[in-house]
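Next come two complexes, and both contain chain A; in the first it sits with chain B, in the second with chain C.
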Partner chain A sequence: AQRHSQQDSHIQYERVGADVTMKCGSMDWDAAVTWTANGTDIDDSHLNGSYLILKNVDLTQSGQYSCYEGSSWHLKYQTNLRVGVPPKEPVLMCRSNNYPKGFYCSWHLPSPTYIPNSFNISVIHGTREMVCEKDIFPKNRCHIRYLQLFSTVKYKVTLTVTNALGKNSTTLTFDEFAIVKPDPPESVVAKPVPNNPRRLEVSWQNPSSWPDPESFPLKFFLRYRPLILDQWQHVELSDGTSHTITDAYAGKEYIIQVAAKDNDIGTWSDWSVAVHATPWTEEPKHLTTEIQIIGETLTQHKPLALRGPGYGDPSAGGVW
Partner chain B sequence: LGAGQSIQKTYDLTRYLEHQLRTLAGTYLNYLGPPFNEPDFNPPRLARAERLPSATVDLDLWRGLTDNARLAANYRAYSRLLKYLRGLDSQVGTVELRHRLGHFCSSLQGLVLSIAGVMSSLGYPLPAGPAGPPPSSGTPAAPNDFLKKMDDFWLLKELQTWLWRSAKDFNRLKKKVPPAVVTLRIEARGF
Partner chain C sequence: MAAADIPSAALRHHDLCSRGIRLARKMRSDVTDLLDIYVERQGLDASISVAAVDGVPAAAAERWAEQSGTQRLLDNLAAYRAFRTLLAQMLEEQREQLGDADAELGPALAAVLLQVSAFAYHLEELLELESRGAPAEEGSEPPAPPRLSLFEQKLRGLGVLRELAQWAVRSVRDLRQLAKHGPGTTLEGSGTALGLPESQ
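Moving on, here comes the complex of A and B:
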């Protein structure tokens, strides 16, 4: 017989481990019915009369449950069962990587809930509530614009997470200066210095997210070490965005990173992307002379057409 | 000392004071005891605390300050904060803390003089007197010990915030006042 399904199904949320009883709509307890889960008939062991009994549900039992009247196969009841858990206390982090424009807060749940959650964030500064503008990407993040600077009053940020099974929240209280942390420096470049076997020239740029390096200058921390050693060497630089390393081991490949901090307040950024460089080394002399001899011999036996600037012509600096 | 060096010296002194205050404030708040020494202590700012010169300023307004207005604001603030701080200095129980507060007050006095030096090197008159009522007048003494401690808490916090602001103020001035040009101007005025 044709099953008729015209009922609007609704969503039913249940906790993991719960016992769930579903009635077949308005059907009597003793009516003859058939229950399906995602279209598959459920055997009678789960039925108590026309009621469906699900004990100690788990995540795998989420799905669409339908109840049909025994003889007419009319759909009498349908629900989408979503098994999940209430939210745990969310993890909230606020940071100002674009001081003095403002700060952003981002959050995540320490463990999944398997059902939809909604987040609400409130930012209080003294007696004033501030708007936290949601970022399109990443999702769980919003940003607040500073209206005033150099405030002695702390900011209080409360994040509340709610789903059908429960609610939880967390609060952060902080001073304006405590959360200032720039992004790492960008475009880090390290180059050997010709004729200087112990030097490396390192340059970088302010993080592009730092809006006003003129008024709010950054200082930098450079760390470098030869790949063959574990011990870093450090140097702090309060002016400029370049530095020449003068004590590099000759001929050894180096790994170099840079971090940034506001000159006066806040904390250091994470380390930049690492770059590698090896100091300049002198061309080994004996090899050069042999190469020159071979070059000259070859040139004598070649047809004239092949001889041109830069091709085997030593004066052009060509090695062959 | 040219204006540029004078500003740099004032900036360095501000950084030194900010660093000093961080440890001094920690010690003092421990002396005051809980809840004042708890990191998350976030008391409402009572009306009493409003008499302190506030470092809080609208960002665009702060950016738009003239050099003279910027320096004058610093000069007035530290002149008044110094008076309050000296009030603290005499009552503190422990000798060691009293000594450190005394030393800090002397350094803060040095900052006030340093700012005055920058202003005169740039040809700006010193503000006639600190804006707002003198510290003690019109405001009754704290009616109880807790409110007295609350006053001290906000004084130290305001001072810390001013030092952060001043670092930015003097950094901005450093960029805007190249030493050479100013020296020339001074000579032209027959100093």
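Moving on, here comes the complex of A and C:
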């Protein structure tokens, strides 16, 4: 027989572990009905009269449940069961990586809820409520523009997460300066210094997200070590975006990273991407001399036609 | 200002700005240390919130980036003159409360008071260079401190030091803005930017 579906199904949220009873629309308790889950008939053991009983539901029991009248196969009831959990306390983080323009707050849930959640964030500065403009990407993030600088009044950010099964919230209170943390320096480059077996020249750029390095200069922290050792060496640089390492072990490959901090406030950035470099090393002399001798010998016994510019020609200093 | 004077004025301005930055940064570091001593000595909770205190210049600034150089100097000077009075009052109160028994808070307060006075004088020099001259101080006698309970006095002191710490950071930024634009520029963005070597 053809099953007739004309009822709009609604969504029913239930907690994991709950006992769920579904009534077959307006059908009496003792009416003959058939229940399906995602189109598959449910056996009578789950029925109490025309009621469907689901004990201690789990996530796998989410789905579309339908009830049809016994003889006419008319759809009498349909629902989308969504099994999930209420939200746990969300993890909230606020940071200013573009001081003094503003700061952003981002959040996540420590564990999934398996059902849709909605987030609401409020930012209070003293008595003033500030707008947190949602970023398109990444999703769970919004940013606030500073209306005031150098304020001693703390910021209070409250994030509330709500879903059909419950609600939770987190509040952060912080000073303007405390959350200032630049992004790592960019374009880090390390190069050997010709004829200097113990030097490496390192240069980098201010993070592009830092809006005004001239008025709000950054200082830097450089760390470097040869790959063969675990112990880092550090140097702090209060201005400029380059440094020459002068105590490198000759011939050893080095790993180098840089971090940044506002000169006066806030905390250090994460370390930059690591770069590798090996100090300049002199060409091994004994190999060079042998090659030169062989070259000269060949030149003397070769027919004239074969001699070309720079081919073993000492005046050209050509050494290959 | 004669043509020959401009380079020397610019150099003097640059020197005053960079020395002012160093002084403000040192002051901030000392005020931060003083705050720790103050909180501990006065038995306060470091995280306690202090509402805006009457008579204490707030460092908070709106549209800070749009301020003119002269406005920055005038705001700074007014603030540090006020802090000079407030710190002197605090020092007086502290001596009445603790007498000579306290060998740490008093000297730390006195040292910061000295720096605040020096910085105020420094700002006056900069204003002179702006060929504007520093405004005269209002009246000879500072306003009498309000009658407060001991706890209110302590909270007020905390509020003063917190604002001063913020002002020190603001002053560093203000002086950097000033250094960018050279002497005698009332508008932002004009004048030559004199790169300032940052020294610790």
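Heads up, the rule we're going with is that the second predicted complex is superposed on the first by the 292 of 320 C-alpha atoms of A that agree within 3 Å, B and C clash if a C-alpha of one lies under 4 Å from a C-alpha of the other, contacts with A are read in each partner's own complex, and residues count from 1 in each chain.
Here is the rule we go by: contacts are C-beta pairs under 8 Å (C-beta built on N, C-alpha and C of every residue); 3 or more make two chains touch, one makes a residue touch a chain.
Note that the structure is predicted; figures quoted are calculated from it, not measured.
Taken together in the superposed arrangement on chain A, chain B and chain C clash.
Judged by the touch definition given at the top, the superposed model places A:Tyr114 against neither chain B nor chain C. In the overlay built on the shared chain, the residue A:Lys156 is in contact with chain B alone; chain C does not reach it.
In the superposed model, A:Trp271 lies in contact with neither chain B nor chain C. By the touch criterion defined above, A:Phe177 reaches both chain B and chain C. Contacts of A:Lys219 after superposition on the shared chain: chain C is touched, whereas chain B is not. Of the two partner chains placed around the shared chain by superposition, chain C is the only one that A:Ser238 touches, whereas chain B remains out of contact. Shared-chain residue A:Tyr249: touches no atom of chain B or chain C.
Residues 100, 147-154, 177, 214-217, 263-265 of chain A touch chain B in one complex and chain C in the other. Taken in their complex, chain A has these residues touching chain C: 100, 147-154, 177, 214-217, 219, 238-239, 263-265.
Contact residues of chain A toward chain B in the complex are 100, 126, 146-154, 156, 173, 177, 214-217, 263-265. Here chain B touches chain A in the complex through residues 15, 18, 40, 42, 45, 54-59, 62-63, 154, 157-158, 160-162, 164-165, 167-168, 171-172, 175, going by the rule given at the top. For chain C in complex with chain A, the touching residues are 25, 28, 49-50, 52, 58-62, 64-65, 159, 162-163, 166-167, 169-170, 172-173, 176-177, 180, 193, 195, 197-200.
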